[in-house]
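Scrolling down, you'll hit the structures one after another.
Next come two complexes built around chain A: one with chain B, the other with chain C.
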Partner chain A sequence: MAELKIDNVYKSFGEEHILKGISLDVTDGEFIILVGPSGCGKSTLLNCIAGLEDVTTGDILLGDTNVTYEAPKDRDIAMVFQSYALYPNMNVRKNIAFGLEIRKMPKAEIAEEVARVAKLLQIEPLLDRKPSQLSGGQRQRVAMGRALARRPKIYLFDEPLSNLDAKLRVEMRTEMKKLHQRLGTTIVYVTHDQIEAMTLADRIAVMKGGIVQQFGTPQEVYDDPANMFVAGFMGSPSMNFLRCEVTKQEKDYAVQIESQGTIFQLPVDPKQADLSSYVGKTVVLGIRPEQITHVMPHLVAEQYITQVPVKIEVTEPTGADTLILARINDQECECRVHPQEAGKVGESMELLFNMSKAVFFDEQTEARL
Partner chain B sequence: MLASRKKGIDYWLPKLVVSPTLVIALVFFYGFVLWTTFISFTNSSFLPSYELVGFDQYVRLFMNPRWLNAMWNLVVFGVLFIGICMVVGLVMAILLDQNIRAEGAIRTIYLYPMALSFIVTGTVWKWLLNPTVGIEKFVISLGWDSFVFDWIIDPDMAIYTVVIAGVWQASGFVMAIFLAGLRGIDTSIIKAAQLDGANLFAVYTRIIIPSMRPVFFSAFIMLAHIAIKSFDLVIALTGGGPGNSTDVPAIFMYQFSFQRGQLGIGAASAVIMLMTVLAILVPYLYSELRTPKNG
Partner chain C sequence: MAKSKNPSYANINARAVLYAVLIIVAAYYLLPLILMIVTSFRSMDEIRMGQLIEWPKTFSFDAWSMAWSEVQIGAREERGLRPYFINSILMVIPSVAISTILGALNGYVLSFWKFRGSELFFAALLIGCFLPFQAILLPQSQLLGWLGLSGSLVGLILTHVVYGVSFTTLFFRNYYVNLPHELVKAAKLDGAGFWVIFFRIILPLSAPILVVTVIWQFTQIWNDFLFGVVFSDPSSQPVTVGLNNMVNSSTGEKQYNVDMAGAIIAALPTIVVYVVAGKYFVRGLTAGSVKG
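Let's turn to the complex of A and B:
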């Protein structure tokens, strides 16, 4: 149990600059999720925290101690590797017990701990097998077990559930959450799964190109993205980006959209953005698919809701909702409607654009306005 | 038509190309193995004879103190040679594995002895170990007058000089095998062990070395058959002497077959050597071929 402070960490492999000034303050017991596109440096950052890679410059503090120059074995960190990294010469039981044996835990306690972890991860029947005799998902659970058997100051998880089937994944996700609530250990967790990120995290760090783009609670990152990258990366299906012109209305501003030859003005909530200096210019409107819905009578009259007829180009039923691809300003725009309300491809359909959560970005810099 | 003729050539050409080799191998290798085995059951002396005498030659062989001495030398040489080569090779491989500078150059230097023939190695070491021109002379010339290093002329110690020369020649090769094995291990396994709290020593003894078992086995097999067949090294280094003190089975076989006109005993000793090699090789091949490789 400890807080983790990553202070302006740079990491280069030769001329290859991977981490470019990462700073994160993680409080004791927090569950941090790292997300970002493949190759953005997430695993490298975990390796730096664990001490498996030396940072080029910057400091890493664990609790009150600066561990930047400490060996991995002295940092008291447990990690689940993306590649599992099971010991090939040991069976599952030994793999899990190894760290405990090294730390001189009594034999009986080790056996107890192994049994507990094996039950939690549903790998009891596999305890006597060698890693080479396991499937990918089973190896991944053993790798988890090896970490969970210990009580370190910090857990680092590098995509620990990526290879499990959908059902087991949901179960394990819940187990992770329970485990964290029970132990209260600080966790840094890498995932590509949006749902995992949103459900598990206390705070999410969105990385791109070795830089943290935004570090905030799931809701902040979702509703209040720092730039177009974060907005597009978080959420599935992802946010629609529509280039449109800003116009001045009586006292507020609006963005102008065109659908089936007709022009509509979508009013801009001044709480969301001040577009006074952009009148007549183009901005990028960011609006999530769930903000564009079928017509619900009780919503029609609301201030920031506009009814727009669109032409349906593609429909994608997902079960709970149907996604509709429409053409707005000659750009594609995804909308989420109730399956029963969805029209057919080629037909026209009335949709409600809810601007109360819309966000705006500069066309060139992609920064939030 | 063209296609089927082309297929015909494709089918026959490889067989045609390997067939001379196959015939040669069959006749000169397996054929002579069978012939030698047959001779070992006859009363052949200077010239092959075809009169069967059962196991007489084997009995005479094992009554011969020179043979027993040669066998004992093989045991001493084999155990020390294999053991020391493995340890030295492993230590060098582990040291080289620590990402040291100029690794490529060092690796080449250690590997070079393997490129020499055992005759060259034997001759060079014969000079080095010769008390009147080699190491002993050199150390004395440095001023340590009482220094003595005359194993090569000491019947009790001469076999160890064969070990020294053999180790010098083969350990670089063993190192290369082990290094390849070490490099084949996923580095994240080592990282995981470090996070589990293991120091470098534990990482090697508990994880890396145990998971290199197949590599050890290969190295052992190769060294074992070098040891059993050791002939040229001993001939070049000591010629089997002083006296018969560094006799090994291969020399015994050569001398009895071709110099002393006792073809029957020679053949019997050759068969025993073949059996020894097979005794090591067959379980190895069996275990290797039977279990499919799994990573």
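Let's turn to the complex of A and C:
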């Protein structure tokens, strides 16, 4: 158990600059999720933390010690690799036991530990098989088991659940959470799964192009994104971005939208943004699909809620909700309505735009306003 | 489909042609060997009387025992090919073992423990694969002289090891770069060091390329004549040199049957190695190209 401090880490492969000044302070026992588009350097960062790649500049501190120049085996870190990296010549049992053997754990304890991990990951029947005789999901669980058999200072997980079927993934997600609660070990975890990120993380680091765009709690990242990239990346279906003009009302400001030829003023909550210097200019309105719903009578009178009729272009039922693609300001806008309220394609439908959680971005810099 | 009404006949015809060609080619390569074997079992009298190419009328092992332990080669006290054969074995086993082990270690380092300039090092080593034997004769004999190893078996072994390491390194390196690098990373995190990773993870995965390398080195070194004739003295000459001396001994009449038996004796170990391990050789050569 230890806190992890990543201080201004740069990593280049020759002329290719992959990590460009990563700084993260992870407190002891925190569960950190790394997200970001493919190729943004997540695996590279994990490799740097583990010591498998040398950083170009910058420091990595584990607890109070600077481990930047320490060998991987001295850092006491366990990692699950994206490609599993099971030893092909050893059976599952040996794969899990290898690290314990190397660290000179007594034989009886090793057997106990292997049994415990195998039970946890439901791989008991597989213990005598070679990795080549396992399915992708089974291999992934063995790779998890190899890491979990040890009690390192930090766990690094590189998309550990990506190959599991939906049901097992949900089960394993819960297991991960329980495991973390029980062990309290610091975890850095890479995933592409939005729900995994939101449910597991104490804090989420959103990366793009080798730079941390935002590092905050799931709710912060979701409600209070630092820029348009984070806003668009987190959440599924993703946030709507509508370019629209800022207008001055009696005392507040509003953004102007057009639907089916009619102009509407959506009032801007001053708590969300100060748009005084943008009057008459265009900004990007960020509004999540769930803030645009069918008409609910008790909400109609609320201050930041506006009723707007839209034309339905596409409907996408997801079961719990139906997603409606509407056209606002001649741009596509996804809205989330109750399945029974959803109209048919081509029809017009009344929707409520809830602006109390809307966010605004500069059109050019994509920075949050 | 419409053209050949009976596709199975077309198949059989194609097969027949194929087999005919294969049999002809096989016969072309096998005939000299068969001739050698047949001749080695004939007596000299018979050869003298009749044709050079003929089925043996009597069957005798005389020529074999002559070649093995009785024929006088040069002015040596010991007779026959046996001392040469023993020299070859004493030379080939350490040469193959050492060059293979060094190649495996080199390949392991060059694939998984890259250092500054390791690519350059590998490139330099590869030049060794393109050096003709003749090019290193003079410097090597000079070197062996300095080391006091001229004409000794150890000097010959050293020469073969040094010359062979380029090839063995190339084999192992090209095999290892296709192994997933995460294996070594995972082992490092598990706490394993350089040697543990090599012996517990990498070496157990190396069987195909080990077989290829051992066969390659064995045939190269066993069949070598040039190094053998240049870097040895009569007490350390390998069987290839012995065979040459035997055949070229100009005293008396040419004993074809003994020459043939001697040639087969000299070639026997490589034939045995191919028969025993040839299957793995082909498998190993193609192993790198298939993932998994």
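We adopt the following convention: the second predicted complex is superposed on the first by the 369 of 369 C-alpha atoms of A that agree within 3 Å, B and C clash if a C-alpha of one lies under 4 Å from a C-alpha of the other, contacts with A are read in each partner's own complex, and residues count from 1 in each chain.
As a convention for this text, contacts are C-beta pairs under 8 Å (C-beta built on N, C-alpha and C of every residue); 3 or more make two chains touch, one makes a residue touch a chain.
This one's a predicted model, so the numbers in the text were calculated from it and none came from an experiment.
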Open item on the list: Please determine, from the superposition on chain A, whether chain B and chain C clash or fit.
Closed with: clash
Open item on the list: Taking the superposition on A as described, I'd like to know which of chain B and chain C A:277 touches: first, second, both or neither.
Closed with: neither
TODO: Considering only touches as defined above, state whether A:133 meets chain B (first), chain C (second), both or neither.
DONE: first
- [ ] Could you say whether A:89 touches chain B, chain C, both of them, or neither, answering first, second, both or neither?
- [x] both
TODO: For A:340, select first, second, both or neither according to whether it touches chain B, chain C, the two together, or no partner.
DONE: neither
- [ ] Considering only touches as defined above, state whether A:77 meets chain B (first), chain C (second), both or neither.
- [x] both
Open item on the list: I'd like to check the shared interface: which positions of chain A are touched by both chain B and chain C across the two complexes?
Closed with: 47, 50, 52, 71-73, 77-79, 81, 83, 85-89, 98-99, 102-103, 132, 146
Open item on the list: Quick check on the complex: what are the chain C residues that touch chain A?
Closed with: 180, 182-183, 185-193, 196, 200-201, 204-205, 292
Open item on the list: For a test of understanding, state which residues of chain B touch chain A in their complex under the given definition.
Closed with: 186, 188-189, 191-199, 202, 206-207, 210-211, 213, 294-295
Open item on the list: List the residues on chain A that touch chain B in their complex, please.
Closed with: 47, 50, 52, 71-73, 77-79, 81, 83, 85-90, 98-99, 102-103, 132-133, 146, 150
Task: Residue numbers on chain A that touch chain C, as the complex places them - done: 47, 50-52, 71-73, 77-79, 81-89, 98-99, 102-103, 132, 146
